[in-house]
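You will see chain A twice below: alongside chain B first, and alongside chain C after that.
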Partner chain A sequence: MTAARIALASLAIAVLAAVPWFGSDVLVQFGINALLLAVLAQGWNIIGGYAGYASFGNSVFYGLGSYGVAITMVQWELPFAFGLAFGVLMAVIFAFLLGLPVLRLKGHYFAIATLALAQVMIAIVSNVPLAGQNIGLVLPPLNNDPLFYELALGLLTAVTLTIFWLTRSRFGFGLIAIRENEEGAAVMGVNTTLYKVLAFALSGVFSALAGGIHAYWITFLDPESAFDISLNVKMIIMAVFGGPGTILGPVIGALTLSAVSELLSSEVTSVAGLFFGIVVVAAVVLMPRGLADIVRRFRKSGWRYFAENIKAHRI
Partner chain B sequence: MPIGDGQNPLLKVGALGAGYGGMLMLRDISLEVRRAEIVALVGGNGAGKTTLLRALSRVIASTGSIEFDGRDLVPMTPDEAFGAGLVQVPEGRQLFDRMSVEDNLRMGAYRRGDQAAVSRDLDRMYAIFPRLSDRRQQIAGSMSGGEQQMCAMARGLMAAPKLLMIDEMSLGLAPVVVEQLMDVLAAIRGEGVAILLVEQDVHLALSACDRGYVLEAGQIVREGMAKELADDPAVRRAYLGI
Partner chain C sequence: MDVGLLAQILINGVFLGGLYAIMALGLALVWGVLNIVNLAHGAFIMLGAYLSWYLYAGLGIDPFLGLPINAVVMFMVGYALQRGLLNLVVRAPMFNTLLITFGLEVVLTYLAQLAFSADFRTINPPYAGNSIALGSLVLPQARLMAFGVAVVLTVAMWAFLLRTKLGRAIRATAQNLVAARLYGVEPRHLYATTFGIGIGLAGAAGGLYGTVSQINPYIGATLTAKCFAISIIGGLDNPLGVLLGGLVLGVIESLAVLYIGATFADVASFSVLVLVLIVRPRGLLGKAA
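Showing the complex of A and B:
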């Protein structure tokens, strides 16, 4: 990374970090949501974008992170930081216990199995008294939006730096090898099982932290909203829209889509629901490799880029 | 005469047995590969050739002993065996289809730290496989079968192996391409790398190798110098009969 890029990245972070000082309350609240979604998209990027395993189980990590904070703060009356740690611990245990069997599946089968995990979690948590069963838990309120905003921004920076490290580490190359050809990776000496589970767990750590921050901010959670499968769909759409398997793609995808979706839902409420559907269709047909790929290839191909994609995938 | 006579063999397998889920596919396999030697492992469909390779690269468990380069391979995991210098070029090549040729080769060296040595090896690969040199930036999946096989072999060599195990090298390739690959084998041996060539095409394999083993129904039924095996009536009968 050149000095210019470091300077640019630092400037972007500084501007984002300054938002609570000059932005309105609405903007800060929108920012917290958008940043946390960006963290989730980046978390998914590790397992889905780099390792090539389209996980629908990341919302489970998010839910575990939320419940980690809620249980620790409400039931055990311990500080927030312990809650985050507990949530991360549960996510990592979950990633190892369920990653080992589930990551043996590939493609659609993996997606379906992880999708089922999220549904099962709702049923399980609804019956755990410690987690407030299906009534949920109410956390002690903390009216400090700027704090949550900075936490979310810090987390997004951390996950993005992790992915940056990934792109130049042996671990990251191993994941890319798994994505491109798992059998080929195995004969090249990549310990595929270990790498996949580690990627799943790493993805889970960040998703759980996002969930924990969100739970304390919203101060209420129940099983349905904590393990909401549509959240998982959202993070996939954002990561794929921005460019899976790239460092900044999912962040840009998440921030743009959040902004447009927010504008639509305040201006033309009736169309907002359709919005994500349209984005999925457009992204798959016109730019299956995301915004990052357009930036790279548009200069060469121009508008033909979209026609080429349509042709290449025969849709 | 095979090169490397009189030294300890590079690979020494004794009384190896292996199989899947309690079903024994291989029994009492003993074989040797010496340094910089080309050894053929031939046998028909279902003889257990690929199973033996999988046992050697520690993908499946096995009984018996496997000694490689003075180390005991049996307790190792697949990535440790790979690190020890036992590298497989799998059947069907298993390239990273959407990546360029050069990236595929670099992937082969992903465990190595010394970037200068990796760059040197990259140049050596392009010297051994001039065709790949012309296609450095081409997407691997878009090349012909022969070129892909070269790419897979070069990727294996980029891991700096001591023994390269090539599974079904000639599968699906035109005879003229196979002949080019055979010349390449000699070049690879010239670099000091031993080769275990697993082939269904008995004739081809025995014509290019120093020694050979014939595998049938999970057991080694014949072994010897390649030329002798090629003339062996039993081998001829077995393979012309099938």
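Showing the complex of A and C:
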């Protein structure tokens, strides 16, 4: 990475970090949400974008992280940091226990098995007294939005740096090899099972931390919202919209889509959902490799870029 | 344990399972042939339910007699959608086809909410409350009829895929697109026809669902998830496998409600799904890979 790029990245982080000092409360709140979604999209990027496994179970990690914080703070009355650690621990255990059998599955089958796990978690947590059953838990409020904002930004920086490391490490190349050709990767000496489980767990750690921060910020959670599958779909959409398997694509995708949906829901509430659906459909048809790919190829192909995409995938 | 109660629960499960099977049949067909997991499938079932509701409430057409109209209308919707939109992305990576059908689901649900409002509705033909007593067992008439139609349609689908020229073309395309093309299959038309049949089945399933259960614009997502589970349990190769998958799921859910509690019904069915995926990834009746 050149010095200019490091300077540019540091500047971007500094500007984002300064938002609580000059931005309005609404902007800061929007920022917390958008940054946490970006963390989730990046977390998904590790398992989905790099390892090529379309996980619908990342919302489980998010939910475990949320409940880790809630249970630790409400039931055991321990500090926030212990809650984050507990949530991460649960996410890692989940990734190893269920990742091992489920990561043997490929393609759609993996996607659906993880989707089913997410459904099962809702029902299980709804019946655990420690987790407040289906009523949920109420956390002690902490009215300090700038703090949550900086935590979210710090987490996003950490996950992005991790992904930057992936693109330069043996581990990351192993994941890309698995995505491109799993048998081939195994033949070349990549321990595919270990790599996949580690990627799943790494992805889970960041999702769990995001869930924990969100839970303490919102101060309330119930099984339906903590293990919400549409959140998982959202992170996939944001990652794919931005460009899966790239360092910054999912961040850009998450921030862009959050901004668009925020603008729409404040201006014309009723059509926001419809617009979201149409954007997704149009994006898949016209720019299937995400914004990052447009930036790269638009200069060469111009407007033909969109036609080329359709040509490549139609029958 | 009361044997009568157990028998009644099993009957309820079987009736539910038949309905599940017809719901999942279209999803499994589209998945097997086009390799698209249609996340909007449940939304099409929802649309079919509303179509039957309007046919009955507006024009007074009996929901069971209206099923052919329903299926034909939905077939045309499905054909147009595949021809105009989904054929453009059918060779894209899996994420993308998943995402586009998810986008469609969002759009359809939103439009349904706009057009039909969020109220609960039921298709209530005069015989809706009737039931047939068989010893100590109670067979609700509408559920029995829905079950019968579902089984007949599933078997008809099986015969269609196995015996007719079009059915063979569809199966050939699922196995090997290039070879099918060499034998004169026109893939754009065939894909659209297959998707149309899938959506037509969803429409019919929706009509049946509306006669035994309440409908609102948001039922789609849950139904899609169930259809997935059934397709996996039954396998994609064979409509009879889907029928078996539906029955297994229906019975498991009914038993789980009785023995473990209503909140665990979904846990039971999805646990079975995960188990089947791990032990027999090609379904209970599926051939070995």
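Convention: the second predicted complex is superposed on the first by the 314 of 315 C-alpha atoms of A that agree within 3 Å, B and C clash if a C-alpha of one lies under 4 Å from a C-alpha of the other, contacts with A are read in each partner's own complex, and residues count from 1 in each chain.
Here is the rule we use: contacts are C-beta pairs under 8 Å (C-beta built on N, C-alpha and C of every residue); 3 or more make two chains touch, one makes a residue touch a chain.
Please read these numbers as outputs of a predicted model, since none were measured by experiment.
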Original post:
Looking at the overlay, what does A:V190 touch: chain B (first), chain C (second), both, or neither?
Top reply: first
Original post:
Now for A:I218: first (chain B), second (chain C), both, or neither, which partner does it touch?
Top reply: neither
Subject >> Partner chain(s) touched by A:G277 [first = chain B, second = chain C, both, neither] >> reply: second
Subject >> Dominant contact partner of chain A by residue count, chain C or chain B >> reply: C
**OP:** Report for A:I310: first if it touches chain B alone, second if chain C alone, otherwise both or neither.
**Re:** second
Original post:
Between chain B (first) and chain C (second), which, if any, makes contact with A:A123: first, second, both or neither?
Top reply: second
Original post:
Does chain B (first) or chain C (second) touch A:N181, or do both, or does neither?
Top reply: first
Original post:
Okay, in this complex, where on chain A does chain C touch?
Top reply: 48, 54, 101-102, 104-105, 107-109, 111-113, 115-117, 119-120, 122-124, 126-127, 134, 229, 233, 236-237, 240, 244, 270, 273-274, 276-281, 283-285, 288, 310, 312-315
Original post:
Which of the residues in chain C come into contact with chain A in the complex?
Top reply: 31, 37, 85, 87-100, 102-107, 109-111, 114, 187-188, 191, 221, 225, 228-229, 232, 261, 263-264, 266-267, 270-271, 273-274, 277-278, 281
Original post:
Residues of chain A touching chain B in their complex?
Top reply: 170, 173-174, 176-177, 180-181, 183-184, 186-191
Subject >> Interfacial residue positions of chain B with respect to chain A in the complex >> reply: 57, 59, 77-79, 81-83, 87-90, 93-99, 107-108, 110-111, 155, 159
